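Below: one structure, written as structure tokens.
Chain naming follows the written order as A, B, C and D, and within any one chain the residues start at number 1.
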Amino acid sequence: MAIHKRKINPEDDLGFGPQPVIKNQPLVNKDGSPNVKRVGLPRFNSANNYHTLITMSWTKFWLLVLSGYLTLNIIFAFIYFSFGPQSLDGSSGISTFHRFMDAFFFSAQTISTVGYGHISPKGMMSNSVAALESMMGLLAFALATGLLYGRFSRPSAQIVYSKNMLVAPYLENSRGVMFRLANLRRNILIDLEIEIIFSFNETVDGKTMRRFYPLDVERRKVSMLTMNWTIVHPLDDKSPLKDMTQEDLEKTEAGFAILLRAFDDTFSQTIHSRTAYQYNEVIWNAKFKPIFDRDEDGRIVLDLSKISDHELVTT
Amino acid sequence: MAIHKRKINPEDDLGFGPQPVIKNQPLVNKDGSPNVKRVGLPRFNSANNYHTLITMSWTKFWLLVLSGYLTLNIIFAFIYFSFGPQSLDGSSGISTFHRFMDAFFFSAQTISTVGYGHISPKGMMSNSVAALESMMGLLAFALATGLLYGRFSRPSAQIVYSKNMLVAPYLENSRGVMFRLANLRRNILIDLEIEIIFSFNETVDGKTMRRFYPLDVERRKVSMLTMNWTIVHPLDDKSPLKDMTQEDLEKTEAGFAILLRAFDDTFSQTIHSRTAYQYNEVIWNAKFKPIFDRDEDGRIVLDLSKISDHELVTT
Amino acid sequence: MAIHKRKINPEDDLGFGPQPVIKNQPLVNKDGSPNVKRVGLPRFNSANNYHTLITMSWTKFWLLVLSGYLTLNIIFAFIYFSFGPQSLDGSSGISTFHRFMDAFFFSAQTISTVGYGHISPKGMMSNSVAALESMMGLLAFALATGLLYGRFSRPSAQIVYSKNMLVAPYLENSRGVMFRLANLRRNILIDLEIEIIFSFNETVDGKTMRRFYPLDVERRKVSMLTMNWTIVHPLDDKSPLKDMTQEDLEKTEAGFAILLRAFDDTFSQTIHSRTAYQYNEVIWNAKFKPIFDRDEDGRIVLDLSKISDHELVTT
Amino acid sequence: MAIHKRKINPEDDLGFGPQPVIKNQPLVNKDGSPNVKRVGLPRFNSANNYHTLITMSWTKFWLLVLSGYLTLNIIFAFIYFSFGPQSLDGSSGISTFHRFMDAFFFSAQTISTVGYGHISPKGMMSNSVAALESMMGLLAFALATGLLYGRFSRPSAQIVYSKNMLVAPYLENSRGVMFRLANLRRNILIDLEIEIIFSFNETVDGKTMRRFYPLDVERRKVSMLTMNWTIVHPLDDKSPLKDMTQEDLEKTEAGFAILLRAFDDTFSQTIHSRTAYQYNEVIWNAKFKPIFDRDEDGRIVLDLSKISDHELVTT
């Protein structure tokens, strides 16, 4: 294993520098994000809040909107309620609870600008608060519109990767490290480019450092992702993986970072997708099963549920 | 036909690999999308739903919006109706049908936040539902705004291509394969780049495979699409089409995929347009008629309705 | 004038081909758009309608919105009016005119979803129309939001160019063709790149053709447009303008197309600006006056109103 | 100091030309914008107004929205008030002040389209104004939506730079000029590229001119900003800073402009960040303290509050 003598291009280390991986803590998470905890950030950071609101799940987002609507109405209900029974005309409530509920419903009618008018504000105070609340309603609505559109228009590649990397037979008398990917969305991806960064711990003179090597692939680019794409790194003499065994990968806490770049033709945006395979996700001596077939008309049929299907091979 | 001995660049196969075309099923549809059926997709996929809503026709879109509005109001009408006649103040209906219609119109007034107030909710239950419905109205509105803007701002090249490819005289004593295109929109397209991928079935040793060749063009780029653009592939010695006849094209199920890239200066977006010609859309020994003229002031007049006009030539 | 023997790069002709300029009709308008009339377009074209709504002047846009609002309300007023006096509850009008105005104001209250309720729909027919109108109001609003944002977010470089091109002294014993430009907006433009295409009619063997030459400039790129930028084409031996006189430019209907590309750092968009100078906008033997000064603190002061200021020089 | 004999690439001068820095007035502000005052701009410029509304602080923005809402309502209140007491039905005010406040609250209910209806317009004049006002409300709302989304979606890198540049030990027996940066936002930045432009005044033959030199850096690009990034300019023989002392920097009013380009993967946008260091922000013989650590699980912890931490070194 004399590979550490090769020239390492510092641009290949993904910005991590020579820090070794310790205690099985990978550098890159499965979703491709760096496994780094960040502290010391400023408390309030509107850009990050926006980022959170845009990237949170739809369930969380709708729960947040609903609870925000409830909270605002409860706060305003307390304000109207505190102004006394004469401040809301048409409030039919006799008990305290009913009076509060009238204030609550009046608030909801105001903030949503529905304003039936069977309950209406009376006097300077409740009128002023209602004027403010309806303006807030409009702005909250504007905010929701912006957030919804921001969530929708965010370029999001939905690339599905095979669950495992395989060490499979490749060409005649050779082997390759392989994985495959396909597009889950209906939009057309063009000009795709793939990069694999292989990294492992190496101990030289008692000092453990992380090494990073970009791996050669059989085909670095495709002009259009019409079907699936199987990416192959040939295990030839130039490969730093050439003489490594399954045990070597484990011992050196080896990992593969996958970087995909493509152009989404539907929304005219460059998109990126990243993932990572750890040494324990590599299956030796297996090959992928076919993912496409022909229907009776001769048309190609691609079955995306088979993306991870593979079978063992005997060498 | 020794062309199969040339080196084939794997990046030119549009991602299809060596699958032959069978039963007249082209690889690329007329609109440039791959002719592949995709199955095994996850059932619910919000990104695809959005994609569908953005790319469907305007007629379908408005019908969907209208029927959604109707459906929502019918559902809410049933809810209000089920709360009994005392739950809506001002409901003047005596018959069951009139009471239901009052509930329906009250729902419409609530979801659109118009809220006249001649019918108004009474009691905890209908008030709560109305508060929820008006919020839903606001959010549905926000969604519609986002969708409408998404539909509008989607970069969409409206490139018109000539209906046929022609095999026409070119320069002196030579021939070329030609088609032409123009911009149907008023926006200015700059930095245009064209690519033609020619593909056909080839049988070697009894095994049929698809071959892909990018074709040389007389002029690969134009800096601005001011008029129309006639793209010419010269049938010279380097052309894989050089010695092929009309019958050869049919026998090998030949096809041409056209890929156009441009920059839309009005909306600052890179756009792509794709189309395909099958062997039966190629007309031999024909040439295009002129598409532009001069008006009385010396100004160039481009008649886009003539884009496909051609006439036969005698060789 | 043996310049027609130079190799012409077909990509420099701006897509016009060898058509000569006749009757003083320039190929490129002052705003940089091609001077080509397009006919034969499909009658209804939603993309072009959107393009028109986005690029029209603000005055026209607001007039259109206002007249659209008026027209819609007049149409709906006629519908409500036709349903008879009993269809609108609270309509206090006695005369026909007052009844129509009540219908008109009710329509305005419905479409804007303000819905005071002092006039309210009565009966199936007016209730149904009102439900439809309020939904239309919501959607029209969504449309207006999209259009307004589309108008705002459209990348628009506001580059001001000097009114004239000057043939001015340049370095020692030499001359150059010059013009200058500056940014009228406060956003920061980076990575600017300029191109000048010089074109003129040339008659060879009795046939008049248009020739296009890209001109060398002293400095093709600037990394940031911090001040103004004077673009200089040196009149050296490589210049096709070297031996041309003012009369030559006129006789050959010479013109200069200017293409500027930059990156708008505020909105993260590539922008383009184009303009053109005709032979009669070139001033011979003049030089630009300085455009910037220092204030008392040593700070540079740029006066954009002086962008076209020049003075004659005696050679 | 024979560096003025080197070839200066005109593209490196940031567009400033050879103007010297006088009276301590730097060319580039701390936020990276050019320190140039611009006058002679056209009075009304909608693009600049939009730019101002998009880039102003949130506090200012909300104050502007609130005061605009107040001002509009006060204007409309005066209009309704001027129509006399009979123009608003349901106005319960007896005193002039109460009548005006009723007009004010009616205006607020109209412009926000809440329209309770307990006050409603009566007669042609107030009805017409109310119809206009509610339309204005809708459009103002559309505008606010556009502005809010424009503010949110604006690509804004939040890069934090170390407060000082350090002249620190670098490799063995050498020194380097260093600063470091990190991303304050959670979005992932990829393909980062840095440029340092060093500039200083030089007096040749009694004429003071500004010189600009791009500085070599140890590593010009990183593929991903996973942690922090320390940018090092080695003080080797090629460096124009090689033989300059702290006094030289001060005497020549030296400055460093920093230009960072990156791709924001979350929003699919190219972003730029700029800053500047003046000679008095350079600390000699100091080195940065480590900014990251490991937690108990072996995970890397990055403390962004330590970005500027450094300590003096004894050489």
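The rule we apply is simple: a residue touches a chain if its C-beta (ideal position, glycine included) is under 8 Å from a C-beta of that chain, and two chains touch if they have at least 3 such contacts.
Keep in mind that what you see is a predicted model, and the values were worked out from it rather than measured.
Engineer: If chain C and chain D share one sequence, what is the angle of the rotation that overlays their CA atoms, in steps of 5 degrees?
Structural biologist: 90
Engineer: Looking only at C-beta pairs in contact, point me to the busier pair out of A-B and B-D.
Structural biologist: Here the pair linked by more C-beta pairs in contact is A-B.
Engineer: Given that chain A and chain D are copies and touch, would you call their interface same or different according to whether over half of its residue numbers are shared?
Structural biologist: Under half shared, hence different.
Engineer: Please indicate which chain is farthest from chain D, where distance is taken between mean Cα coordinates of the chains.
Structural biologist: Most distant chain from chain D: B.
Engineer: Can you give the whole-Å distance between the Cα centres of chain A and chain B?
Structural biologist: 28
Engineer: How many Å are there between the centre of chain B and the centre of chain D, using C-alpha atoms for each centre?
Structural biologist: Whole-Å distance between the two chain centres: 39.
Engineer: Hunt down the residues of chain B that sit against at least two other chains at once, touch-wise.
Structural biologist: Chain B, residues with two or more chain partners: 109, 113-117, 137, 141, 145, 149.
Engineer: Considering only the defined contacts, which chain A positions touch chain B in the complex?
Structural biologist: Within the complex, chain A touches chain B at residues 58, 65-66, 69, 73, 101, 104-105, 108-109, 112-118, 137, 141, 144-145, 148-149, 152-153, 156, 158, 184-188, 190, 219, 221-227, 229, 263, 265-268, 292, 294-295, 297-306.
Engineer: Would you tell me which residues of chain A are touching chain D in their complex?
Structural biologist: Going through chain A, the ones touching chain D are 10-12, 14-17, 19, 21-25, 27, 33-42, 45-48, 50-52, 54-55, 89-90, 109-110, 113-117, 120-121, 124, 127-128, 130-131, 134-135, 137-139, 141-143, 145-147, 149-150, 154-155, 259, 269-272.
Engineer: Flag every residue of chain A that touches chain C in the complex, lowest number first.
Structural biologist: 113, 115-117, 145
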